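Below is one structure, written out as structure tokens; comments come after it.
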Amino acid sequence: MAKAEKPNRKNDQAALLEVFANPHPGRDYEIEHIAPEFTSVCPKTGQPDFGVIRLIYTPDKKCVELKSWKLYLQSYRNRGIFYEDVTNVILNDLTAVLAPRTMTVISEWTPRGGIRSVIRCNYQK
Amino acid sequence: MAKAEKPNRKNDQAALLEVFANPHPGRDYEIEHIAPEFTSVCPKTGQPDFGVIRLIYTPDKKCVELKSWKLYLQSYRNRGIFYEDVTNVILNDLTAVLAPRTMTVISEWTPRGGIRSVIRCNYQK
Amino acid sequence: MAKAEKPNRKNDQAALLEVFANPHPGRDYEIEHIAPEFTSVCPKTGQPDFGVIRLIYTPDKKCVELKSWKLYLQSYRNRGIFYEDVTNVILNDLTAVLAPRTMTVISEWTPRGGIRSVIRCNYQK
Amino acid sequence: MAKAEKPNRKNDQAALLEVFANPHPGRDYEIEHIAPEFTSVCPKTGQPDFGVIRLIYTPDKKCVELKSWKLYLQSYRNRGIFYEDVTNVILNDLTAVLAPRTMTVISEWTPRGGIRSVIRCNYQK
Amino acid sequence: MAKAEKPNRKNDQAALLEVFANPHPGRDYEIEHIAPEFTSVCPKTGQPDFGVIRLIYTPDKKCVELKSWKLYLQSYRNRGIFYEDVTNVILNDLTAVLAPRTMTVISEWTPRGGIRSVIRCNYQK
Amino acid sequence: MAKAEKPNRKNDQAALLEVFANPHPGRDYEIEHIAPEFTSVCPKTGQPDFGVIRLIYTPDKKCVELKSWKLYLQSYRNRGIFYEDVTNVILNDLTAVLAPRTMTVISEWTPRGGIRSVIRCNYQK
Amino acid sequence: MAKAEKPNRKNDQAALLEVFANPHPGRDYEIEHIAPEFTSVCPKTGQPDFGVIRLIYTPDKKCVELKSWKLYLQSYRNRGIFYEDVTNVILNDLTAVLAPRTMTVISEWTPRGGIRSVIRCNYQK
Amino acid sequence: MAKAEKPNRKNDQAALLEVFANPHPGRDYEIEHIAPEFTSVCPKTGQPDFGVIRLIYTPDKKCVELKSWKLYLQSYRNRGIFYEDVTNVILNDLTAVLAPRTMTVISEWTPRGGIRSVIRCNYQK
Amino acid sequence: MAKAEKPNRKNDQAALLEVFANPHPGRDYEIEHIAPEFTSVCPKTGQPDFGVIRLIYTPDKKCVELKSWKLYLQSYRNRGIFYEDVTNVILNDLTAVLAPRTMTVISEWTPRGGIRSVIRCNYQK
Amino acid sequence: MAKAEKPNRKNDQAALLEVFANPHPGRDYEIEHIAPEFTSVCPKTGQPDFGVIRLIYTPDKKCVELKSWKLYLQSYRNRGIFYEDVTNVILNDLTAVLAPRTMTVISEWTPRGGIRSVIRCNYQK
């Protein structure tokens, strides 16, 4: 399991993320949000990519607000970014905003050239 | 795995829960009740939420009576409460009443805004 | 089964469609192309919609070229259009370009507000 | 296939239904809305019932607006009504408002007493 | 499709069936009840048989009351009767009591000797 | 649908089939027996073949007794016979013994050389 | 994992269980028998319950004979006993007869009141 | 359903097909061979295509020998040919060799550019 | 995990097994062969048994040749042997011939008397 | 988990592999590419083999470029190589080029002679 990576830029997209206070901070528990409607653009071919973004975390003081999470994910709709990069960037943005106890981001992509890809990143405080 | 959290209120709903004596207290064994017909109300939008409540526990001296468990879950039908909160509140109510050896409550929700959520809490004596 | 409807505008999107000569015009046979990566925008909420576009037709003199069909579907990515409308418009555009013997367009959408929709249109020469 | 039945009352619930003009009235095409989050109450036991409401119709001049359809279905949340009755009442309400070319309403219910039920009604102009 | 067969005996089991008035007799519609917890006894081996009883009918003036239907099916629990016979007897009992417009009874059995069986009977007024 | 074919030999295997009187000869109803444990031998390679034999018929005066049907199918265990042939032979043997109103025999085979086969024969009185 | 519990009675049902000598006592290996046709009676409502009994064990000197296991399970057909109790009683009966190295009994029940239950017990020598 | 099309060339591949005499020519019955390991080459991109070839026919005097059918399909491994064309060519080759009563060839392809295709051709004597 | 058991006889069947040299002996890797077409005979009833044999091993110096493995499994076709026994005997035969680093044999059987069984054995050098 | 094995030859196929710099080398994360369209040739029979190649790795400084990975896999299309060998060779080639922190290659093959095989190799720095 990896250590925290410094958020590589204070991008505009991260500013979309809103938080609310964890209603049960005394307990370690797990929140999972599964977003099967993620789409971005391949920087090489200009073609759209489609995937599922799976977020799993144990909150500390803050939880991500669900609608802002949706809008954050939608902000990638017309942005060019590779599979490996976007999965790490999402993890970096969210750990910077939430400071969770643990967090995992998994992206599962539809096939390109007959091959489908899955990227899995995690963070431990 | 989290420690026990103090039940945050002696609510009316918890009073619905009835227990019976564990018929085999000498053995650590696991009871799971899966309730796919849970519904509550989103406090923000006023719209109904729908989910599956999965309860898994190792009883100590008491077991939860199945019909009272159903009525307890039904008492959320017209109550506004968020995903993260209701999952923890159910765990708190049940651990207060049963004092189990271990207990897990998992809620799995139908999609909202294209995103589906799962919350997992557990308790260890 | 409905009669042909007049294409309601010579739009720019239809210009993306390319054809090739049916290699076996002497036989009535069926071609189906299933595109699970369709996305457009809801004109009312501005939110993205996601669906599968299923095209089934019996060609007469022309077949639709597969890459141009993909680009045509991608041209809806940032366009606001309702479920019922887009399904009919796609059928109109394609029957205008291909003059097929029969054609069916089916759109199957991911849930919104807990409800998922399917629209089915067909055309007979 | 049955003839139209007179709407048995101008109920308050039907007033929730809103329509929009069919954008392609020149073609017979099919619209299906599948609502897996329907819940009403059993008049006999007072217990909640859960089901899927499947609506399939060929519009004439009007289509049902999707959000109003959701609110209409939600209005049964705390109303006591039997399986057979509610399926017919929904069909009556909707044919009265939309005057469709054809319409089918199917309700599929979760098990009660180990038995699950499905009711299928249709209407032809 | 077969004509009605005379109920071969006024058995005690049929007396368990209760009816209610069809709330929408003006329309031909379909009611299906699927009972996966049917069990009877093989008259030859004395071993229990297990199956699903699927009832599909278009009511005329009467509908079968669901709880009485469950009790009727339970009355076979310790009775010896063959697959082919029980499926026809159920159809005979129910058509005698309900006088439906059409009715189908299907029984689907778990494997015996590596072979699984399905029996399908129907009745048309 | 094909006419009856003359049983091409009074083989020993057919002698294994036993019948019982149809308990409901006044009604046309359907009996299906699905046997997923069929095995015979390929006459060309000497290798075993494995398949599912699906029998569907409307009895007239006689039904096939289930245990004898199992023994009949087992009698092919070490016999060399091709897919197309065995499916027709089973149909011939059974129609000779039962004189059913209609009968279908379907054999579904596991893959050989990456190809799986299905043979479907039927008979109408 | 729990220690052995004393068999709470030398019941008649346990007398149905027959054993055979483990043919390979020198090796720790696992035997699983899955019985999806279990049925007993709810002591509270008098209604039949239906479930799957899954038995997994590592034999020491004895294995349970399969037909006697079936008859033992059938002996619950008309007996009133709760989910939690029957699962433990089966484990107690079987460990008393077999003295296995380890044993697990799992019961998985069909829904009652919209809730389905699973009970898991195990024993370690 | 289409009439027979003249085989557009006496190609070398068709010469691979071998036949055997239909063992039951007196009956109309159906033979299906499903080959999920078909691969050819896209003439435009030079990239391999992968699909399932499903052959369904009612033989007259001849049946196709299964191993020769496999070798015939393998002969496309390094040949450039489009989806629509290869499906029709296979039908033409096979009808020329077998003169069947009816025949259907269906090809189902893995996704390219996020779109998957199915081609269905049939022939009636 | 169990120690090696002495092969209980140098049977004729084991002589069918052929080996080839492990092409990559420097690495611990896993080979799995899944054979769903296994059949033997029940010594008690004389009836055929059907199962899946799953072999998983880490080779040391030798790998089992796939065709000889198939012929070895076929040699049980007409041999009477119990579930528990055959699974252990296969493991003994194969470990004697291959001397693998680890090996697991799992047999999964079709239902008999409504009960299906799974046997799992393993070996560690 | 095995140690690295020396790449057994600097073959032409490995030269097809292209890399790009890991955009997030500071974190241990997992990349999985699933290629269901792999085909090679059996060296013994000359018949084509078909399988899925599953690659899972934690990159260090380099990631494999997806298109080059596809072309590398395609280079086996007409090459004779056994299941066990090709899985290890792919792992050797890729670890030589990428020097990953960990890597797993799994090949899952379609059935031959009724038996399907899976090979799993891994590498740890």
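Order of writing sets the labels: A, B, C, D, E, F, G, H, I and J. Residues in every chain begin at 1.
The criterion applied here is as follows: contacts are C-beta pairs under 8 Å (C-beta built on N, C-alpha and C of every residue); 3 or more make two chains touch, one makes a residue touch a chain.
No experiment lies behind these values; they were computed from the predicted model shown.
S.K.: Going by the touch criterion stated earlier, list every chain that contacts chain B and also contacts chain G.
M.R.: In this structure, the chains that contact chain G and also chain B are D.
S.K.: Given a C-alpha superposition of chain A onto chain I, how large is the rotation in degrees, taken in steps of 5?
M.R.: To bring chain A onto chain I, one rotates by 145 degrees.
S.K.: Which of these, E-I, A-B or D-G, gives back the B-G interface, meaning over half of its contact pairs coincide by residue number?
M.R.: Over half of the B-G contact pairs recur in A-B.
S.K.: Taking all residue numbers at the chain D/chain G interface, are over half used by both copies (same) or under half (different)?
M.R.: same
S.K.: When contacts are scored as defined above, which chain pair ends up with more C-beta pairs, E-I or E-G?
M.R.: E-G
S.K.: Suppose each chain is reduced to the average of its Cα coordinates; what separation in Å results between chain G and chain H?
M.R.: Centre-to-centre distance between chain G and chain H: 54 Å.
S.K.: Which integer distance in Å separates the CA centroid of chain C from that of chain H?
M.R.: Comparing mean C-alpha positions, chain H is 28 Å from chain C.
S.K.: Find the geometric centre of each of chain A and chain D from their Cα atoms only, then give the gap between the two centres in Å, rounded to an integer.
M.R.: Those two chain centres are 39 Å apart.
S.K.: Indicate the residues of chain F shared as contacts by at least two other chains.
M.R.: In chain F, residues 36-37, 47, 50, 110, 112-114 touch at least two other chains, as defined above.
S.K.: Between which chains does touch occur?
M.R.: After working through each pair, the chains in contact turn out to be A-B, A-C, A-H, A-J, B-C, B-D, B-G, C-D, C-H, D-E, D-G, E-F, E-G, E-I, F-H, F-I, F-J, G-I, H-J, I-J.
S.K.: Provide the residue numbers of chain I that touch chain F in the complex, in ascending order.
M.R.: 36-37, 39, 47-48, 50, 74, 77-78, 110
S.K.: Quick check: in the complex, which residue numbers of chain B touch chain C?
M.R.: Residue positions touching the partner: 47, 50, 110-114.
S.K.: Note which residues of chain C are touching chain D in the complex, please.
M.R.: 1-3, 5, 82, 84-85, 87-88, 112-123
S.K.: So in the complex, the part of chain J that touches chain A is made up of which residues?
M.R.: Within the complex, chain J contacts chain A at residues 22-24, 26-37, 59, 63, 66-67, 69-70.
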